[in-house]
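Below, chain A partners chain B and then partners chain C, in two separate complexes.
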Partner chain A sequence: MATKILIVDDSKLARMSVSKLLSELRPGWVRLEAANADEAVKQTDQEHPDIILLDFNMPGQSGLELAAQLHETHPDIPVAIVSANIQVEIVERAALAGATFIAKPLTGPALAEFLTAAEAKVAAR
Partner chain B sequence: MIAPESLALDALEIDALTELVNVGVSRAASSLRTMIGSEVLLSVPAVEMMTYERAATLIGEREAGELIAVHQSFQGDISGGAMLIFPETNSLELVRAIAGGALPLDDIIALEKEALAETGNIILNGCLATIANMLQQTLNVSLPEIIYGSGSDIFSRSPISVTDSAVLFLYINFSVRHRDIHGYIAMLMDLPSLTALKALIGKMIERATVESTSNHATH
Partner chain C sequence: MRGGVNEFLEQFLIESRELIAQATDDLLALEHSPADTARFDSVFRAIHTLKGAAGIMDFDAMARVSHHAEDLLSTIRAGTQAMTPARITDCLACLDLMTAWLAAMEASETLPEAADAEAAEMIARLSLDHEAAPAAAPSPVPPAPTPGESGISPDAKAILQEQLELLCLPKDAGSAGRNAAAFAVIRNILRRFDPDYDAANGTAMPKPAANPDSSADPNANAVRPMRTDSARIDALLRLSGELVVVKNALGHEVEIARQGGIPKQHSQNFARLHGQLDRLSADLLHASVAARIRPLRQVFQRFPRLVREMAAGLNKKIRLETEGDATEADRLIVEALFEPLLHVLRNAVDHGIEAPEQRAAAAKPIPAVIRLSAARLGEEVVIEIADDGRGIDPAVIRATAEARGVASPQTLQAMAEEELLELIFAPGFSTAGAVSNLSGRGVGMDAVRAAIEGLSGRVELQSRLGLGTAIRFHLPFTVLLTHVVNVEAGGEAFGLPFEAVAETLQLRRDAIGRIGAAETIFWRGQTLPLTSLAKALHLPESPQSEDALQIVIVEHEGEFTALQVDRFGKPAEVMLKPLDGLLAGMRCVAGTALLGDGRVLIVLELQELLQ
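Up next, the complex of A and B:
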């Protein structure tokens, strides 16, 4: 079955941009999108994504809060926080929430590195 | 309203501009954090194009007292001014945050202008450089200038002629953890620059969204 990845970002452009990179890096994957934390939780419960990419700075619940919540409810899903906010506190909180931190603007090599590690984690489940 | 309809941005262009600003300010906040050693908290940005009078009113409604703005001009395909604006009452606290708490008040007062200029330089340059990179542009940025006054004073005293400029008002509230410091960022641009900005945003959207037909990396 094709790997499912959920992209969570309040910016449509950011979602489109990540989706484009994914179409190049992992053309066979199913790409799901959510514009906020509530939609992301709903999609996670209904569609059971294998991997999740979260924007940090979103209206309502932030990506970090959502990552912590997902870490509780779905500890098997590899999660990355994608943010231009590279302050040490944010990177540390991402790690505490069990997520990988990736700097924005997202580049192909940085995303590919996370995807490879996430694939290995998914395969080991 | 000064911006003609041809300059109106559609939903995806506003989204792109907001994302551009979000990335720029987040990077700049990370630099400021390094400088002051405390976490810088950012709100979700709101971006709106408006006249400078409206921008002055908006700030005036939120901030009752005098303001300080650090202004830097930028030049390139898009030209204008970028401003970091905060309440004057925050300025000594900001200097304390940068210089450390042990300095005597006289030294803090003596350092005030320099510290404000340096903070503005880091935030505005960081923000402008990120935006320029994402738009694949080069912008030359001037040295910072400090402007004191009310909301309308800081716009009318800007070296950029405000009468024929629109303000790209980036409302992003930043604050410093455990410190009473917050502020806003605004950009002023004239109509030719706004036209150029709209075109550059269009190109950025194209780069970010057009599916590449070759060079598929397989794994």
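Up next, the complex of A and C:
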């Protein structure tokens, strides 16, 4: 079955850009999108994505809070937090929430690195 | 439509404009309540997201500017400096610059050429200001430059270095803009170190070109991406309208097929499928109409900024409060409201709100308040612009009306107060003692009323001397466009509902048959009664050409009738206004519509007409 990845970002432009990168890096994958935390939780429960990419900076629940919540309910899904705020504190909090930190703007190599690690984790479960 | 990169550009423009509108709104709110942390977080987030969007588009200049704006906000959040009006003006200027870039990008589909130079100037402004005025101890005299080996601060040095690099770039189309920007930056830095410094040509230097009209209304473009969107929605609406017409025609064929004796099984399937098509086309039409609904925010959000500027120009302190901007209305109304609202707000700022000294003398609060509010009341959307200004003095109106010869002194003396207030809507009426460059004279409230009535609405005015004026627009929630076929009969123009028209044709006089006293024509295997539209409406009949009678076949409840008219016009989409006043209760008339050329078109109702 094709790997499913959920992209969570309130900016459609950002989702389009991540989606384009993914279509180049992993053309066979199914890409799901959510524009906020509620939609992300709903999609996760219904569609069971294998991997999740979260924007750090969203209105309402932040990416970190959502990551922590998802880590509790779905501990086996690899989650990455994508943020332009490259601060040690945020990187640490991402790690505490069980998520990988990726710097924004997202580049091919940075995303590919996370995807490779995430694939290994998915294959091992 | 366009794919690939342009799809990204389109989304970038839409999102950036939304973010700029949001940030503008937040900044203006912060000006009045600097401690509002929700607003602060919101503007911070908007600018941060703008930075991200610029990054995605590889638009470095915009990413840098938003990064510095974010830094400025960070220092304010950290308490290093305060959110002063000057700081807000800087942030707004930064948003203006981005708005101009977006407009340029939309026009050229490439990054604006002068952006780098403009960005450098803006960054200099954001950074210099931010160290110039620490919040804790605002010093009236700018601090002396730190004495160092070079005598200038590292920041200023870095900025000057950046200008030098810009000026060294090869000469191209962007050179003029870069030179102008570098000039301004260097001048600002020199002024910073010597407040009295003034470059001789400082004001004569041309401004960078990219920002022609944005000072008047930097958010003028904010609604524009919706236009692309709405063109698509309108196409959808038109198609669903046409689908309904096809569905109706099919219904007719279904009936013929049933009578024509096709097997019962097929006939039932036919009818069932027609029923489904009927429901689906109605749903589609409904959904397309709903897609035209927009929040009034789209027009309201442009005003806080404009009122701020208008008030500043008149040295008045005014706060615009908006309420109910989530109220929705038809897109057509939302888009058409800008001008009339702007006019009423200008009047309020210019004439309604008193000068600060007058307000102080009357013990009225400063800033003055103008409230722009909207609410949905049943099938109406009510928009109110209320100010706490001086109100309208009936005596002044009376004097002005007399001076302008609007009515005779006797008539004016006899008029009640409400009637006098109504004179405000008379063409060319203006009560301002002084002509300001804001409202001027010329278009007056008559234009406002005409615009609102053109949208099938009405205008109300209430005023209390010394307490303020309120103007209310009552507008319909939906403006359904009716497709009509224009015809002329008895020398008048009429609209026939498009769905009812089956065909238009020309017939020779000798093709008309007779059954008793009635005229008939033969059409698609049926004999139809022929009615002269002029005669049915009791209008004088025009002389007809013998070989080309103009016939419209109309259908009503499955019955076809031939109507003879003088002429066909083009099909049109009109906004149908129900009859009121004198015409209310008139039979045969579905409503009236204002045509583009100002004439009123009477749209006929066939049910009554054909009986």
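The working rule: the second predicted complex is superposed on the first by the 125 of 125 C-alpha atoms of A that agree within 3 Å, B and C clash if a C-alpha of one lies under 4 Å from a C-alpha of the other, contacts with A are read in each partner's own complex, and residues count from 1 in each chain.
Keep this in mind: a contact is a pair of C-beta atoms (placed from the backbone, for glycine too) under 8 Å apart; a residue touches a chain by one contact, two chains touch by 3 or more.
All of these numbers come straight from a predicted model, not from anything done at the bench.
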item: Clash or fit (per the criteria above) of chain B with chain C on chain A; value: clash
item: Chain B versus chain C, judged by how many residues of chain A each one touches; value: B
item: Touching partner for A:P59 - first (chain B), second (chain C), both, neither; value: both
item: Touching partner for A:S11 - first (chain B), second (chain C), both, neither; value: both
item: Chain B versus chain C as contact partner of A:R31, first or second or both or neither; value: neither
item: Touching partner for A:E89 - first (chain B), second (chain C), both, neither; value: first
item: First, second, both or neither for A:P105, with chain B first and chain C second; value: both
item: Stretch of chain C penetrating chain B in the combined three-chain arrangement, among 92-100, 146-154, 344-352 or 434-442; value: 92-100
item: Chain C-contacting residues of chain A that also contact chain B; value: 10-14, 16-17, 57, 59, 84-85, 104-105
item: For the chain C and chain A complex, residues of the former touching the latter; value: 7-8, 11-12, 15, 45, 48-49, 51-53, 55-56
item: Of chain A, residues touching chain C in the complex; value: 10-14, 16-17, 57, 59, 84-85, 104-105
item: Sites on chain B touched by chain A in the complex; value: 11-12, 15-16, 18-19, 22-24, 26-27, 29-30, 33, 39-40, 42, 44, 130, 134, 205, 208-212, 215-219
item: Residues of chain A touching chain B in the complex; value: 10-14, 16-17, 20, 23-27, 57-59, 83-89, 104-105, 108, 112, 115-116
